[in-house]
């Protein structure tokens, strides 16, 4: 294909639409950040196959800042589990700014891991025998998400340490309340280091893609965290990732996301891809002006909202009218053929297709009601042809298993036909094709009839 | 099938698991509510086909209370659009209790439509020439969501009006700040009436199912609101629906939900089904103890979390190795047959299957890279067989259109084969079967070759 | 004296110094108030004899607004006592604006009677069988403080009722919390009426003078409230009277005061006089710009600060070196004269002068140490000449009584000489002059010596 | 006097009344403090002559803690003046606990110098080239107030430094907001040192007495601070000294006071004496249970409330009916005698007595109205006999001067008679006795009449 592909073109169009917007201010509270050229603007999209599409300044390295928070949260979750982490840092959006105090009046527990107070406690929770080891593990985790080694911007680190008094204050407030048990200065140092790691929009896109790929880095194939940890991290990003714009962001964009004070926004489309954006000028809430606009445009253009209605669930089955007539190509004797000619509904074939979620499984379950109601007392076989089935959600799998048990209790034997040998119904006879399955069922029917 | 179905059985098992939990207190701040038998416990699930599965007290009528908020929010959105509503009521979770003040210091704008202050403004926004008409429209909206007429509990209404001083205070605070422009007493009266409408868990399940069915009531087929309005309502439920437990709820259960002080919880699994639960005893945050527990159990058992990883995206295409050899069954002359025998990659057939989201479309797009790279300068045809395709997400559709344009620019003609006449690529020649499409492409190839 | 007196001249100078200051804005939240000519500026000072000195617009009637609060507080204290009132409304300054919510999180008790929330509860506490009677009592109380009948500005009353939504909200908030038990609308109506009573700076000066005159109106001589109630009211004015400027006001001006939104400031110099000021333009805290400036100037010019050091306490006694030689003018026999000639320190005379506070009493007490130490075992008499004594503070009186008991236990008889018959030491022999007392002591001495 | 004096007895009675109250808890947040014997209870009263009366454990040394705040505030005021200090630390009571954050949202300025945040800034404001010098100056200031050297409790200092995280947090919060410009750790170290200085109730009584003695230590006679600084410090103690009990304390006790977490309360009766109390068990607000009770009892028993009504102001003049007849004892010729016989009101004598405040001066001023109105055009003399005058308040002095100028303008010559040579009216002829003044006036009258 000559020229750029449609995805790259879309990113370039969106970039062009907002490149002229010069509203907002480069962050100054970390002096070193204020030196960033304010007109930079990069957008990257990473697929779950690890392909990255980019527009603009996608290779400019900037400090990751608060976008590090979800990944260190992931590390803490991996180290201690959800309950232990929740006991120390809540998961409630606070409707407040990134540097809000937002500590529980009684316990000093910070509201969530995305505000600075919560992020400090999360950093302190990372397992490690020393601050050095703790930071090394954090850095490794971020590198595993990015799929490459990340440099540390020493100038940003030093600059931020010098102006970290508010975070230091949060640390001491929590220490006095008992909600931070680690050394404040050590924790702060580690936190500021993690914030000073250098990334590009390309990295952020891959990092986001890793989160929505069940924790598996699409570039390296490494299972960085479990899919459960990734799901928890995405949830907290969904409600708390964009500071006091989080609610409106989710309403307008509908993607779990995280912003950083250097001008980064990372957003993730579950099961589809990751976004990384960068443009240094921030709005009053501390989010990059252009990155927010670009995400809103991309979300609208591509219909990315998490809660958009995907349309009517497709019928689960594609074989219906014709299966009653179907016969296997096996050569039969006349007697056997007569049995088969009279088989009626004794052997049913259902071809399933598409992704099988709870709704589809429930439809399928329901479709047996009439069949079973109309069934006579004679034995029956149900062949499920699953060649065209995509994903099977856990809820659906559980339901199918239960359904198979119910069918067995009613004298119906479930048989699965799948070219790839996938056993959709555990314990059911499995054949490589519907024809093979049908032949087996016919044998059984003949055996019974001629016994 | 004898006995109950697996879904009903699952609901009954979950109900049995928590029926012995008698923690929490029936709400007393509305005196009438305190008369509710505390041991009631009902769970219902409604499919997007309108089938309802229930366990326990699913027909006990209780006042809907705060669960009315999302539906009146939906009505206000339908009346005025997102921007106009957002201008009056924010969308930020406040991390605060249901009766928190949470007004913007400058403007008095309430934080979100799920806290009482926000709900009062939302109610006041409903179009209507009189309070009576406004309430009539609200009632109709809730009835359209439920799919049946809803009675009003006069005793609860009167009881709540007598103890509505805090809501009255919120109303006057907002009126003095200019964020509520309607009459306080009239607004309060309408709000308290909406809260006193009687529903069952069955109703709540249908109402939730309507929201995740793109606004179409699965019982009545009525398009109650647009899918966009439904998406907005679900988003706000997702971040603000469970008061100051909203964040942790989303983390643990992962479903948009709304609770009410009578003991109700309504939860919705996008594109799959709706839940309605009821058990009067409330925890300290005002959420039904058992309903929360049951939802957590159901979410875990059925893997319902919105951000759970669904597993690896399936390959989009199912025909590959064999299509190059394929020929239409049309009878050809020898010359024509020779042309066809030599066609090489001039005619490609791709069978697509499953749901086509952005990720699948991107894979497909990418799969053409190699093909195009290997292509010679001669004209080519690409047949997309979409018979097995389920949903096509908007993002994917846009990408496919752009891809088709790119292909055309490279001399490749896209042709669609679809039994149901669905034109996946707008403007492409459309045939009822791959064979018919192939025949058409062959004719074109022969015509060119023999010109 | 021709022309004006020095006090009037001082008031006029101060008024002239600030009349050109046109900063601030006339209150607009009560629409009717915004019609007040903004350049009005009046200052009045009322002495404890009821003389009023004024400069500028001292007869312009304006609505009393929040300056009514201390007087209704006084009425509630008179009706129920300090403890009962404190149980319902606190006495803590809140550092917040006049319309702040400032309710105790647990009980809803408002912080103090000077913020609107507290004032509403105070108004509701006034005894009365009906709202009419309650308002009648409030009006009578304010009239008793002013010493004349006060008209009600109907236009202001109606205007404020229409814009009283924030106060209405405070009422309902407190009602829902249980801290306001009366009907909200009735309480609000009474409160808004009390705020709409018309006063002049002259009235305010008299009202303040009444407070610092132990509750006795200096014009009418009526004991409006007890001196204890007046003291409580002044204390709360001292810490809470000027909204969130109260602390700095007390630092700079040092007088209990109360401001009102119409532009009034009332200030009181304990035991000395009352101020009333009026100028409609308000600063950001809701206090009259010029009135605050004028009070600061007057306080500095006249050294009015409550906690200014008054200078060294004066010696309590003015007779010392000469009293040992002193003899009564009574004619004595030779024997008697001989006794008297040898009396040594047997009869002491102490002339006391000035106000006798604790410090003076303590000095006096201490002055006896040496005398008693030097005394022999023979009986002695101590004559206290109190003709020149002004005020005797309760603490001093108690101390003097205790001292007299101690002296008696040591054989010293206390005798009081006072022209006006004031018995400084209860139970001590009392004579109209030091000479008469001396004569009586001499008789006693002679009687003992010649027995 | 045998046995104890009445003041000591009163202190002992009050101590005995509350010694059995064992409510409250010894502070534990500074571990070292929790080792204090909880039953200690001392009360001291220091007069402005430096006499100290005590009951109970008045010599037990305890760390001064927050009671140091007013004195360091005094030092900062002495170093920089009121305006400069106010610009950095407000003077508004916050109605909050001692360790509240209470910083101005915009500027980070702490609410007042009595909360920890404010005290830290105040400590940082003390002039000094090094932390050591700064602490040395603070220590010297406290020692000057106490009149003796104060030891530092090293154990308490170290214990508090280890648990000072909340104060450290306040420091960093203010530093990040720009309201604390000094080094946080150095400031904290100095502050914790100042808190660890050891005092007794005796010391606190003297320190308080110094404040109400115009800044002059009654023991040493040293002018520690100006009376203006002392007045400012007392005012802030009055509104903010007892944490969130400050308002109710002022209502009930009516004395500027300061409490400390070791169990100390220091209270000051303006112009009269100072109190020091100590009992370690604290109430929920952090004030010593018994010390608060004892102060309330002492205030009530001795009528100490600052705003108690002192009673009716005494007439300023004691000579009235007889002065018109009075003649000097000078020998006159017959002609001269005739002139004097006919003098009428040409020579007036006024004896003034007591303290002369504004109210008395105003009475005096007013008393001339009638006299002047009745006067003929002939010259007149007014003799003011000030022998019995105590204090003359500045406001009264100003008024008397203005009055004298007015009288002169009306042809009345003011003449002062004062044994001690005090010139109450500047510029007026001054004589050692009324008789000498009268003689001078008579000469003048005769000279005019016989010219």
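Order of writing sets the chain letters: A, B, C and D. Residues in each chain are counted from 1.
Keep in mind that, in the parts below, a residue touches a chain if its C-beta (ideal position, glycine included) is under 8 Å from a C-beta of that chain, and two chains touch if they have at least 3 such contacts.
This one's a predicted model, so the numbers in the text were calculated from it and none came from an experiment.
Trainee: Expressed in steps between touching chains, what is the minimal separation of subunit A and subunit C?
Mentor: Counted as steps through touching chains, the separation is 2.
Trainee: Determine the centre-to-centre distance between subunit C and subunit D, using the mean Cα coordinates as centres, and give it in whole Å.
Mentor: Their C-alpha centroids are separated by 18 Å.
Trainee: Could you give the separation in Å between the centres of subunit A and subunit D, each centre being the mean of its C-alpha atoms?
Mentor: 70
Trainee: List the centre-to-centre spacing of subunit B and subunit D in whole Å, with centres computed as mean CA coordinates.
Mentor: Once rounded, the distance between the two centres reads 72 Å.
Trainee: Determine which chains touch and list them pairwise.
Mentor: Taking the chains two at a time, the touching pairs are A-B, A-D, B-C, C-D.
Trainee: What part of subunit D is in contact with subunit A in the complex they form?
Mentor: Touching subunit A from subunit D are residues 101, 163, 165-166, 168-173, 175-177, 184.
Trainee: Please output the residues of subunit D touching subunit C within their complex, sorted ascending.
Mentor: Touch list, subunit D to subunit C: 1-2, 5-7, 9-10, 47-49, 51, 82, 86, 90-96, 102, 111-112, 212-215, 227-228, 230-232, 234-236, 238-240, 244-248, 250-251, 254, 256, 269-273, 301-314, 318, 353-355, 357-359, 362-363, 365-366, 368-369, 372, 388, 390-395, 398-399, 402-403, 405-407, 409-410.
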